[in-house]
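A short worksheet on the structure shown next.
When the chains are written out, they are named A, B, C, D, E and F in that same order, and each has its own residue count from 1.
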Amino acid sequence: MDFTHLDEKGNAIMVDVSGKEPTHRRAVAIGRISMSERCFSAVKEGGVQKGDVLSVARVAGIMATKRTAELIPLCHVLNLTKCAVEFAFDEGTREIEAQCTVCCDGKTGVEMEALTGATIALLTIYDMCKALDKRMIISQVHLLEKQGGKSGDFTFGG
Amino acid sequence: MDFTHLDEKGNAIMVDVSGKEPTHRRAVAIGRISMSERCFSAVKEGGVQKGDVLSVARVAGIMATKRTAELIPLCHVLNLTKCAVEFAFDEGTREIEAQCTVCCDGKTGVEMEALTGATIALLTIYDMCKALDKRMIISQVHLLEKQGGKSGDFTFGG
Amino acid sequence: MDFTHLDEKGNAIMVDVSGKEPTHRRAVAIGRISMSERCFSAVKEGGVQKGDVLSVARVAGIMATKRTAELIPLCHVLNLTKCAVEFAFDEGTREIEAQCTVCCDGKTGVEMEALTGATIALLTIYDMCKALDKRMIISQVHLLEKQGGKSGDFTFGG
Amino acid sequence: MDFTHLDEKGNAIMVDVSGKEPTHRRAVAIGRISMSERCFSAVKEGGVQKGDVLSVARVAGIMATKRTAELIPLCHVLNLTKCAVEFAFDEGTREIEAQCTVCCDGKTGVEMEALTGATIALLTIYDMCKALDKRMIISQVHLLEKQGGKSGDFTFGG
Amino acid sequence: MDFTHLDEKGNAIMVDVSGKEPTHRRAVAIGRISMSERCFSAVKEGGVQKGDVLSVARVAGIMATKRTAELIPLCHVLNLTKCAVEFAFDEGTREIEAQCTVCCDGKTGVEMEALTGATIALLTIYDMCKALDKRMIISQVHLLEKQGGKSGDFTFGG
Amino acid sequence: MDFTHLDEKGNAIMVDVSGKEPTHRRAVAIGRISMSERCFSAVKEGGVQKGDVLSVARVAGIMATKRTAELIPLCHVLNLTKCAVEFAFDEGTREIEAQCTVCCDGKTGVEMEALTGATIALLTIYDMCKALDKRMIISQVHLLEKQGGKSGDFTFGG
């Protein structure tokens, strides 16, 4: 059983993908942030009328996907061909869900880009709401699905 | 009820902290990543012998705290005076917990820096382990405590 | 007559401000982008209903102010204490005006931060509208006013 | 009439270019900065003897083109294959013109890279001259021409 | 005799590689840092038991290779396909040698990436050891070999 | 004997400087690059007539000092108050020496900033000359002197 990011001596490396053919890659990651009812309502109403909390979080998420390789030490630099961040309100749990979809024609997958985009979008919501609620919790951050690449397609629930 | 990051028209702003006195600030954030037993054991054994997965994740988390203001759009740039990232293995749940502690002598708090450090550390673990397990989940990311600043001290369980 | 950014041999330097006392600084910069009537209307209607073109441009402008010292080679790194970007529609000229206000308690002024914020906001409008109109022109980018620092207050029209 | 950077709900997205073939792209952008006679002469003489104001501005412009996707939220990351920044002195108007030429073999155009390069070069001139003249004005920033891509060639005056 | 990074007027340019075919590139750079016996022993023992000084330096070197084009003004942005940093202890001279290997499928070579990775790894060792020894010296930083590209293969001793 | 950048368990940390008083700090670092006679002459003549190789290297060095904390994992972010990079030609050895001086009013020293500035300036010379000479060697990179801070003044030869 091997960590691909460690060489035979256990040292960190950026994996060699030189020989691989570029293929179309796609990954979708999601995550959630829970908050007080008061805070949830404020974002939601804002979301309808002014849109700014989620609009800022969306921009932050998109921009973060482009900088993933600067943040995650062993990630390859990739030229993303698409990025979108969407939000959904879960009334039952007072959670906002962020979903980030990323595409690329490259030699490695874009899972980390999608996860980074979703996470930074959620952290930005935290930042903009923290004056109202300091007990927000980010959870359920995971890879929902991915397509392309040697390891084939993946669906979280699959 | 106001979002401090929105002006009276609902537009995003970086809050004015010009008039505030710099005080000593401290924040601690934590989060967790769950993984398969096989993956958990591999990291843990690696953690004892070679240390590299967590060592890389620690460096990534520390470096990310310094770039928080580049990632979270309305965060102020702060000169952190301390940063540490620690990990703990939870055998019962097969989760690794990341805890990030950040200090600063400044005009705004360092909650976002601590949360960003913990989150990027967890994402780096994800990256290094994703060849073994694509169903890892990051959860329970929240502010554990903070000290300093006008709004006073905060403890999550308090 | 001296360029403060050149030493006696004409070489670029980052000016020594070590001896200066930090004071409160504020700068306001503005600039404009002209566009076709069709494009102007589309942004304006969007501005009322969805807000996204200007919302994205606002976030881009704010984030750019924080990275001014990475872009302008001889600028000092400053910890901004406030940043706001506002837009106005000029019906007569079909121009959108961007105004960027920046504050700081530091040893050098924030003129470049304000100018960079206004400019990147305008370039972001260009980017989002360029499928509709490639003949947009950015103009009238200048410092409107500044307060604080040894050289005293300044008003463009003064 | 559509903004390509907004989805059907008006949310910001990074446009999907996955299906597009990479083609050779080229864009040229220009802009100008006006200044006092005294300041204009100082730069111009400096330009002959020491070259440093324009030399620094040139480097700043070139470096900025490489970071366009970090500044303009919805821009794709592109691997530029050429970048040059040139300056011309307009004696009649006491303006310095900056022209930035950028090439790329990619799936999207390099208009924003050229515009960003020209703009940051002009802002750097502003920074280096602002001790002499705070009333400089940046204007006439626009796309001069572009080649390549589905939308075909473009010339500003065409 | 020409500098490829200067145009016919002596102005800095980012060389046009538009017409070139992407080929597989590889470069290896090395460098050394000398230190006191006390410091050398401390790193070496740490290297065996805890690994952290060299582990942090390795991560820093790898991350720096990805940002070479942000640091070296006229470098092209390249999507590296592999990066590894290795260290060796030279008992005789009390030096630590850092070797950085970088690969890419691109239009220009990766010499600067390899050199930047080796150098930042050495500077990170300096940073972590400077409380013990301020007289460390970095030396012998050079290109060991490169493969690929029009100018052919190169070996330093060849 | 302790590494200040490792905690008691050997894990990397950014040292806590919260309790320290800001004082004036200054550091000077130097380094050299050797090259073929042909290359040395070309830079030197260029240095007289056009100045561009060293001018670009100077800008690169200055800009790098501002980003030291992004490159060296455990460095604190500091607001530099001065930065200058100077070059000297050593005819006897055909080496160019780069000297970088950095100042700051802060809680930690600026040794790493000075070393990073000198090193990136030398790497930039390498980049601009590598078409003429691939056997250049960077050496003798060290701290020349520092003032300020608890550990007192330091001179390399002292």
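Quick note on the criterion: a residue touches a chain if its C-beta (ideal position, glycine included) is under 8 Å from a C-beta of that chain, and two chains touch if they have at least 3 such contacts.
Note that the structure is a prediction, hence the values are computed from the model and not measured.
Shared contact partners of chain A and chain E comprise B, D. Chain D and chain E have Cα centroids separated by 31 Å. One simple way to say how far apart two chains are is to compare their mean CA positions; for chain A and chain B this gives 16 Å. Looking at chain B, one finds that residues 11-12, 50, 52, 55-56, 59-60, 63, 67, 70, 73-74, 77-79 touch two or more other chains. Counting only pairs that meet the touch rule, the chains in contact are A-B, A-C, A-D, A-E, B-C, B-E, B-F, C-D, C-F, D-E, D-F, E-F. Listing the residues of chain B that touch chain E in their complex gives 50-52, 55-56, 59-60, 63.
Put simply, chain F touches chain B in their complex at residues 7, 11-18, 69-70, 73-74, 76-79, 106-107.
In the complex of the two chains, the chain B residues touching chain A come out as 1-6, 9-12, 31, 38, 42, 46, 49-50, 52-53, 55-56, 59-60, 63-64, 67, 70-75, 111-112, 115-116, 119-120, 123-124, 126-132, 134-143, 146, 154, 156. Partner chain F is touched in their complex by these residues of chain B: 24, 55, 58-59, 62-63, 66-67, 77-84, 86, 103-105.
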